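Scroll down for the structure; my scribbles are underneath it.
Note that the chains take the letters A, B, C and D in the order they are written out, and that residue 1 is the start of every chain.
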Amino acid sequence: SMHILISNDDGLYAPGIRLLSEGLAKHCDRVTVVAPDRDRSGASNSLTLDQPIRVERQGEGVYKVYGTPTDCVHVAITGVLEAEPDMVVSGINAGANMGDDVLYSGTVAAAMEGRFLGLPAMAVSLSYGREGPRHYESAARAATILMRRLVAEPLPADTILNVNVPDLPWEEIKGFETTRLGHRHRSENVIPLEDPRGRPFYWIGPPGGEQDNGPGTDFNAVRKGYVSVTPIHVDLTRYQALDQVSHWIEALNGEGAGEE
Amino acid sequence: SMHILISNDDGLYAPGIRLLSEGLAKHCDRVTVVAPDRDRSGASNSLTLDQPIRVERQGEGVYKVYGTPTDCVHVAITGVLEAEPDMVVSGINAGANMGDDVLYSGTVAAAMEGRFLGLPAMAVSLSYGREGPRHYESAARAATILMRRLVAEPLPADTILNVNVPDLPWEEIKGFETTRLGHRHRSENVIPLEDPRGRPFYWIGPPGGEQDNGPGTDFNAVRKGYVSVTPIHVDLTRYQALDQVSHWIEALNGEGAGEE
Amino acid sequence: SMHILISNDDGLYAPGIRLLSEGLAKHCDRVTVVAPDRDRSGASNSLTLDQPIRVERQGEGVYKVYGTPTDCVHVAITGVLEAEPDMVVSGINAGANMGDDVLYSGTVAAAMEGRFLGLPAMAVSLSYGREGPRHYESAARAATILMRRLVAEPLPADTILNVNVPDLPWEEIKGFETTRLGHRHRSENVIPLEDPRGRPFYWIGPPGGEQDNGPGTDFNAVRKGYVSVTPIHVDLTRYQALDQVSHWIEALNGEGAGEE
Amino acid sequence: SMHILISNDDGLYAPGIRLLSEGLAKHCDRVTVVAPDRDRSGASNSLTLDQPIRVERQGEGVYKVYGTPTDCVHVAITGVLEAEPDMVVSGINAGANMGDDVLYSGTVAAAMEGRFLGLPAMAVSLSYGREGPRHYESAARAATILMRRLVAEPLPADTILNVNVPDLPWEEIKGFETTRLGHRHRSENVIPLEDPRGRPFYWIGPPGGEQDNGPGTDFNAVRKGYVSVTPIHVDLTRYQALDQVSHWIEALNGEGAGEE
């Protein structure tokens, strides 16, 4: 018996979450949707600590949460749902979550929160171009395949999958590719403006262009027509730097920390 | 000539940022403070994309931003400041940012944003107990020492430092220790409540107890009286899992992605 | 040619505004809906001055505004709509707006803003009991009748109508009654609570019981099964008190304002 | 024994509320300040019904409220304060609250909420020009004089005073004048802009010019150098229109409300 918890950051009324929910429901016993009341793109892993979070049951297995994507998954697993789900799937986001942008993503954060609370999790995004999103059904299909695979053969518990799907009809998608996150050039400058009273405001500018988007990256896989699957961790420790930092620190202790 | 950009998530009026700014100012040429208008704890890396961000100059080298910690550092570096700073220091946070909590932290996010935009960065937090925070000056002193060291001998560009300082007088601090992030038990359940109209709400519960807090962790170092210094990365790719996921994916492609 | 602007404070997705729009559309040439993105009950006349307001066209004659009810009507009339509407109708609110509660109402505020910008306006609310709202169609019908009457025979420009409709099938409604606002006993006390960290919070308590609800009041009319129609003004001057205050002030000037 | 409750809409850290509090404290036994955590200008009478309101004691007789001006006065009187105050004074607002703008004012709303809860109340604003506010102390002095007069000779309970003070040294103020609210021309159009993604936003434009600002109005009194004192009511019924609306309604009932 398989029970999937679904969330997103575009909000409960976004088309992506409806199509994801319908797609997954065909292949598991139970689907529960717990999603934000409105668009919370850019919310990252923010968690609401300064007020209680309102949860509104919208119907059988559907809850609206007046909070962030992380709030949604957190309240669902630690209190709202009677039975613990078996997996968390977040999406389908309207727009790619690749490269450095992943850090700001509420879609990926919802999956990370599922992992924090002990569940396998993945985030699914549709990478579309100028015409706007068209092939959510391809993303739903990719999510279903990956979900079934995860059930059959689990991955290590500390890994979540960040999945980006090209906006193509399913027949035109070339396959799945394991990727690392690419990198962008530095973000463009903020765009200044003044309000009618002359006070300064700034719009966050567009992300920088792709800097590291060669073979092996998520950018590259999607551009070629593959579903990009990136393993993401939730432990932010940079283990490879531990030794180096230790040497670096030693000098300080030699100088005597209690002095200056 | 050294120019430090300072931010935090407790807001411009918090005592920690004032003491950090005063402490660092003694040891560099120029300090600029760009901080949120109010407490934004728990904001993580959230970035404001759906409205422009108001910035108010408060005096020489002090700016108030109506936005998140990430917004602060982003607008400062990509537009508000005429000269690019040499380093970003975020804090002093009122409360530890250790273990899994780091993911939700606005303090750490501000430092990460600095790194994203190409600068060395560190986050500094004061880990205090029941009596409330007392020794901000110890944290300011630790920050100053680390800042000077970073100038003298830089670390790899993709590493930021997450620094947690025990709430002790400087003389009682035993030294610096390089650490990895510890881990907590799963968070406690949400705490349900009803509003006066009978509608359900939930408070996020307290974090779980420390599960992995032995030697080598940030929890352990601070408990022993050391300043904990954890290298953190901003690339969320789980490189160690790439091979495993590749094998896992291969099976899918063998099945033919274009079919189901 | 009659063009009606419709707004509310329950948000664009509330059932009341849809039924109002469908009802009015049968009896006028054009209906435009400009409503908040989400529930903004209790917003009163608040106007967003500290950030720009996002407006999203949802389809022919339907706009979603990320702002308050007052923002909706303001942006619609002073910029978004090409042609100025002939009237503003706000509602159908889920719940009565009678007596002292009118001051906090976003539904009434939307109508007031229409009046401020030079248009006839009315606010329509459905007064329902424990079973929840059932007869929105009665309120839509009452709104239609009043709208047609306002076209045929306008009221003074400085008067808006606050309409409250009992939650009854149309055949059981006894007629229209002109009313004044009733009054409530003082609001009940706030309800204290603590968050999990021990910090104090308060819920606003329920409104006080009806104190002045006799013949002639809105409370009374609705209770008897009538549609209550209350003329409301937007000029807050208490003209009847001008003389009294003048006498009261005179003494101060006699004492010499420039001294103390 | 006199106890004054002070609030505002510019927030606890605004200079006006500090100077008001210091000024009144000299002439009464006790002053309690309960004010918003940040600028809430334009909040009107909005009341927070969808979440609990956090209240933080800042020191003896000073409370910070994470809510609107109306929330502040409401929680203070119905729960936070042990002893009921004798009067509510709101201000000193940085900027005039005259004419039609009064409807949007949080400063005036705070006073109205005091009146709703049974207390005498007044709102005090400083009307300044291009150089920014300079003579808060004149406004504090005017408030003190009016407060003492209200104690000695109360006004009818359903009247609050809206006080606007010219930004002049006290010696140059000519006296007090009882006024009605003036009126403005229709507000200027909204100012359209696009965000970097091409989505439409609008700034609320500046208020219209003064249309009715002749003798007897608040605009006129302040321009001449007088402290303007306008009686304001909280009952929005337009009593003068009751008869007219009754005639207007009669026709509808003649037609039979239950038919259409």
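Here is the rule we use: a contact is a pair of C-beta atoms (placed from the backbone, for glycine too) under 8 Å apart; a residue touches a chain by one contact, two chains touch by 3 or more.
Predicted model only: the values in this text are computed from it and were never measured.
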item: Angle of rotation relating chain C to chain D [CA atoms, steps of 5 degrees]; value: 180
item: Greatest separation from chain D - chain, by CA centre; value: A
item: Chain C-chain D separation of Cα centroids, rounded to whole Å; value: 20
item: Gap in Å, rounded to a whole number, between the CA centres of chain C and chain A; value: 41
item: Interchain centroid distance [CA atoms averaged], chain B/chain C, Å; value: 45
item: Where chain B touches two or more other chains, by residue; value: 50-52, 54, 191, 193, 195, 201, 203-205
item: Chain A - residues contacting chain D, complex; value: 50-52, 54, 66, 191, 193, 195-196, 203-206
item: Chain C residues within the chain A interface of the complex; value: 13, 37-38, 51-52, 195, 201
item: List of chain A residues in touch with chain B within their complex; value: 39, 41-50, 52-56, 70-71, 74-75, 78-80, 100, 102-104, 108-109, 112, 116-118, 141-142, 144-146, 149, 153, 155-156, 158-159, 161, 170-171, 173-178, 180-181, 183, 186-193, 195, 199-205, 227, 229-239, 241-242, 244-246, 248-249, 251-253, 257-258, 260
